[in-house]
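All chains are identified by letter, namely A, B, C and D, in their written order; residue positions are counted from 1 within each chain.
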Amino acid sequence: MGLSSLLARVATSRCHVLLVEVPGAASVRMEVQRELVRLGWVEADSPSEADILCVCGAPSGELLGAVDRVWEQLPGPRARTTVVTAEQVARELHGCAERLREPAAQTADAAGRDQRPAEPDDQMDDSDDMNHGGMDHGDMDHGDGNHGGMDHGDMDHGDGDDGMDHGGMDMDMPMPGGIGLAGQEEDRDGLDLDVLHLPLGPVLPSWPAGLVLRCTIQGDVIFSATAELLEGTPAPDPLAADARAFIVHRTDLAGRVLRLAGSDAAAERMYRIRNAALAGEPLGDCRGPLMAELAALKRSVLLRRSLRGVGTIGADSFHAEAGTDAWARLTGWVEGAVRAANGETDAAGVPASWPVQAALLEQLVAGEELSRVRLLVASLDLAPVGTPEVLSR
Amino acid sequence: MLTTVLFIVLALVAVAAGIAVFRTDSMARATYALAASFVAVGAMLLQFNLDYIGVVTILMMVMEMAIMAIFMIMFMGMNPALMPMSMVHNKRGSLLIAGGVFLVLAAGALLVPWPARRGAPAPDLTVSLGEAIMGNKMLVMLTVSPLLFATLVSALVLANPRGRYRPYPKLPAPKQSESGPEHHGHTGGGH
Amino acid sequence: MSAGVEQVSPVWAVVAAIAVLAAAFAGAAVDGALQARPGARRAGMLAPVAEGARLLRQRRRTLVAADTLLWRVGVAGLPVVAVLMAAVLPFGRWVISDLPVGLVWFNAMDVMLWALVWMAGWGPNAAYPLVGGYRFLALALAYELPLMFALTAPAVAAGSLRMADIVAGQDGLWYVVWMPVAFLVFCASVLAFSLHRPFDAPLARDLAGGVLAEASGVDRLLLLAGRHALLAVGSGFAVALFLGGGSGPLLPAWVWFLAKTLLLQSVLLVVRRHLPSVRPQALMAAAWAVALPATLLQVAGVAVVVVARG
Amino acid sequence: MYLGILVLLAAVLVSVGALYVLSRLTAVARNPLVSRPFLSGWVPEEHALSRYHARYYPVTLLFLAFDVEMLFMYPWAAVVSRLGPGAVIEMFVFLGVLMAGVFWAWREGAFKWA
C-alpha cells in the first residue's frame, strides 16, 4: 500500500477546506484563514471541492442541521472539525490532514455511507403549494454507476398527437428523489417560467455568518427573498474602542468583497494586511500597505465598474455611513482602516436593529441578478461587531 | 475501404441521433442529439473534400443548437427534463410527409442518370467559393444583406417590444389576487 | 506558399496530445506559483501535482436525477476539444493536420465549448451549475463575434485559411505589429473560452464554483485540466496567428514556438490574477458596441493594405 | 489529412478513459456518491432542471442574424487579395448595414436585461 499512502501524502499537501462560520466566531475563522495561507491550502467554494469541513465556532439548532447536511455532500476522503478557539486551529487542521491520510479509515467511511441521500425530512415545508400531491418516494433507482443516464425509454405515451397534454400526470408521477418539479410564475415580459427556491446561506463561501436569505429565483434573477439570522441576533458592540479590532474588521470586509468580485490578488493582499493586524504587528506598519491598497483600488477601472451602483441605499441608512453603494463602501472601509492606523478614531454609528436591516436586505435584493446580490450582501456590514476576542489579543 | 466504413458509421450516427431526438424525454438531450446528427453530417461533407462547407456546418449547427436549447427549454409548456414528453405533433401527417419526401429523394438519387464528372475540382474549394460569392453569385450577397438587417431589426422589435423609452421593470408588476396562488402546473402550449 | 510548415505522420498525434497535456500542466504550475504566498513560490509550482493526486483520490459524485450523460459529455469534452483544436496548430515546423481551412476548424472547436460548458452546467441538476452554464452562453454571445472577426484579420493578410500559410505570411513582419486590435481581442477571447478571469463568471465564487460546483474527483480534474489545456492551445494559436509562429533566430522553430507560447500563456495567467470578474451583462454592450466595430475596422484596414499591395 | 485528427481524437479519448479507470483504482470508493445539490445546507424544494429564464434571449436573435454573415466572411478572407477593392467595398457595405442594426439595437437597450 506504499503507493496509495504516497498518493495520500501528496494529495494532503494542498487540502481544500470548506469554512463555516458560526456567528460570533469571526476571529476563529480569520485564524483558520491565516493558517490556510501559511500551509498553502485552499479555501473551497463548495462541498464537492472540499476535503475538510471546518466549522468555526460551535453551531446548534438549524445551523448545525445545515452543517450536517453539507457534511453529507463532501465526496470523501473527508474530515470534519469544529474549532472554537484560535489556539486550536493549527492542531485541528493538522489532525484533519492526518485523518485524510488514513486510507483504511477513509475507505471504510466511504463504504459506510448511504447509497442515496436520505429522503427529504421535515426540512421540506409540506404546506408548500409547490409540493406534489402524490410524491411517491423512493422507488426510483439511483444505483451506483448510473452512466448511461436515466432510461425513460419505457415511458411510451402512445397518444403522441397531443404530447403536451399531461393533465394529472404530475399527480401520479414518482418524482426522482422525492423532490418536486419547479412551479411557475409570471415574469416581467409576460412569460410564465419556472421558479426555483434558492436559499443563500448559512454555509456559503464569503457570506455573512448565520445569515440565511431564502430567495425565489427565475433564471438568475431573484424575485423575492426573506432574510433571517440563525443563532440569534449578534449584539452590536461599539468597535471604535480598539483600533486594531477596527482595522481587522474592515480589512476582512473589504477582502470579502474583493474576493467575490474576483480580484484574487487584491483580496489576498487585503487579507495579508488583516492577518498582520490580527497577529499583533504594530498598527503603524499596516498603514503603508493599506494606503497602497487604497491607491490600487482607486486605479482599478474594471472593479469600480463592477461595484458601482450595486446595493445603492439612501444616505439616511445606517450602512450609508460607509458609502451609498458597494464601491463607495469598499473604499470607505479601507479609508477608515487607514485613519485607524493613523491613530484617528471614527465616531461609531448606532447600528440599525436586525429587523430594519433584514427589511433593507429583502428590498435591495429583489429584482437583482445573483452575482450582484452576492456583492451587495458582502458590501453590507450586517454585524458591525468588533470581535471581542481580538480586543484581548 | 476505411473511408467507406467511416462513411457508413457517420451515416448511422446521423440517423440514430436523429431518431434519438424524438425518443428522449429531455429537451436538452433532444437538442444536442440533433446537434450530434448535424456534426455527423458535417463530417460526411468533409469526406467529400468539402472542407469549408463541412467544418462550417459543424460550427454553425453546434452554435445554433446551443442557442436553440435556450429557447426550447424556456418556451416549452412543461418541465424540460424530468417529465415524459413527445416531440411529435400531428403524427400521421408528419409521417406521411416524411415518408413521401424520403421516397422522392431516394428515387431521385437512384433513378437519375448522374452525369460523369467533367474536369477536376479546383485545388482550393474555399477560394472558388469566395470567388463565386464575390463574383458571379454576388446577387446572393446583395440580397442577404438587407435580409439579415431586416431579420435583426424585426427579431428585436418582437423580442424587446418596449424599446428604449420604456426600460424593462426589474420585476413583474405585483399580481392581482384574481389569479390566485399559482398551482404547480403544465399549462400546455406548444414548443 | 506553405514553405516551412509540413504535415507530419498521424502517429505524431499521440505526441501532440501529450504535448497539449504538458502545456496545460505547465500553465497550472505557473498558476500555482502565482497563487502561492510570497516565499512559497517553488512549492506552488507543485500545486498541479498535489491537485491531481487529490482529485484522483477523491470520490466522484452524482446527484439525484442528474442528467448524467450530458454532464459527463460536457466534463470530458473540454480536454478533448482542446486537443482537437491543436490538430491544426503548427508546432514550429510541424502540424498534425494541415487543413486548408485550419482557421475555421479552430473556430468550430471553440464553438463546441458553447455546448460542452452548458451541458456541464445543465447535467448536475443543481441551481448553481445551471446558472453557471447559462452565464457561459451569455459570455459566448459577447465574445464570439469579435473573436471570429479577429480570426479573419490574419486570414485576409495571408490570403488563406490554412494555418501554415498564415505562419508563412508573417515572414519578416509579425501580424501583431499591424493588427494589434485583432491580437488583443483574440487574447481576450482565449481567456473567455478557456473560462479564465475576467471571463470566469460561469465558474465564479459567487455561484460556489458555478459549473464546477457539483463536480468532484476525476470529473473535476478533467474540467480543470481542460480549462488549462484550452488556455495553452489558445496561446499557441495566438502565437501562430499573430506572433510569427516558430520564427526566430538561431534556435529551431519548435523551441521558439514553445517559448513564445509559454510566455504568452504566463502573461495571460498573470493578467487574469489582477483583473476582477466581469458580469456577462457588463460585457455585452462593450463587446458589441466597442470590440466588434473595432475588430471590423481592423479587418477593413488589413484588407485595404492587402489590396493596395496587390 | 483527417487521419491525423482521427488519431488525435482516439488518443485523447483513450487518455480520458484511462484517467477514469485510474481514478477507479485510486479513489476511496469506486461508485460515485449520490448527493443532493449544494444549497447552502438546505434541502432542495424542487429540481433545478426547469424552464430557465435566460433574460438575454433578445441578444441571441441579434447574434444569429449577424453570425450568418460569417459564412461569407471566411471565403471572402481567402480571396480578397486577389479580387481587389471591389470585394473590400462590397463586404464592408454589407457589414456596415449590419453594424447599423447593431447600433440601433444598442440604443434600444437590447444589451441590458437585468
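By our rule, a residue touches a chain if its C-beta (ideal position, glycine included) is under 8 Å from a C-beta of that chain, and two chains touch if they have at least 3 such contacts.
Computed from a prediction, not measured in an experiment: that's the story for all the values here.
K.L.:
Quick check on the contact network: minimum steps from chain C to chain D?
P.N.:
So the least number of steps between the two chains is 1.
K.L.:
Can you pull out the chain pair that has more C-beta pairs in contact than any other?
P.N.:
More C-beta pairs are in contact between C-D than between any other chains.
K.L.:
Of all the chains shown, whose C-alpha centre falls nearest the centre of every protein C-alpha atom combined?
P.N.:
That would be chain D.
K.L.:
Centre to centre, by mean C-alpha position, how many angstrom separate chain A and chain D?
P.N.:
30
K.L.:
Distance from the CA centroid of chain B to that of chain D, rounded to the nearest Å?
P.N.:
Their C-alpha centroids are separated by 15 Å.
K.L.:
Between chain A and chain B, what distance separates the C-alpha centroids? Give it in angstrom.
P.N.:
41
K.L.:
What are the residues of chain D that contact at least two other chains?
P.N.:
Residues 2, 26, 28-29, 32-36, 38-39, 44, 47-54, 60, 62-63, 66-67, 74, 77-80, 82, 87, 102, 105, 112-114.
K.L.:
Give the residues of chain A that touch two or more other chains, as numbers and ranges in rising order.
P.N.:
7, 46, 48, 73, 75-77, 110, 116-117, 130, 142, 146, 149, 175-177, 179-184, 187, 191, 193-194, 196, 198, 204, 219, 221, 367-369, 372, in rising order.
K.L.:
Would you give the residues of chain B that are in contact with at least 2 other chains, written as numbers and ranges?
P.N.:
28-29, 52, 56, 63, 67, 70, 74-75, 79, 81-82, 124, 126, 168, 170
K.L.:
Taking the touch definition from the header, please name the shape of the chain graph: line, ring, star, complete or other.
P.N.:
It is complete, because no pair of chains fails to touch.
K.L.:
Which residues of chain B touch chain C in the complex?
P.N.:
Going by the criterion above, the answer is residues 26, 28-29, 32, 35, 51-52, 55-56, 58-59, 62-63, 65-67, 69-70, 81-82, 124-126.
K.L.:
Which residues of chain D touch chain A once you look at their complex with the stated criterion?
P.N.:
Residue positions touching the partner: 26, 28-36, 38-48, 50-55, 114.
K.L.:
Can you tell me which positions in chain B touch chain A when the two form their complex?
P.N.:
Where chain B meets chain A, its residues are 23-25, 29, 74-75, 77-79, 82-91, 168-173, 175, 181-191.
K.L.:
Can you list the residues on chain A that touch chain C in the complex?
P.N.:
Residues in contact with chain C: 7-8, 10-16, 37-38, 40, 45-46, 48-49, 51, 73, 75-77, 110, 116-117, 140, 142, 146-150, 176-177, 179, 196, 198, 204-206, 217, 219-220, 258-266, 268, 300, 302-303, 305-306, 369-372, 374-375.
K.L.:
Quick one: which bits of chain D touch chain B in the complex? Just the residue numbers, please.
P.N.:
Residues 2, 47, 49-54, 57-58, 60-69, 71-72, 74-80, 82-83, 86-87, 90, 93-94, 97-98, 100-102, 104-105, 107-110, 112-114 of chain D touch chain B in their complex.
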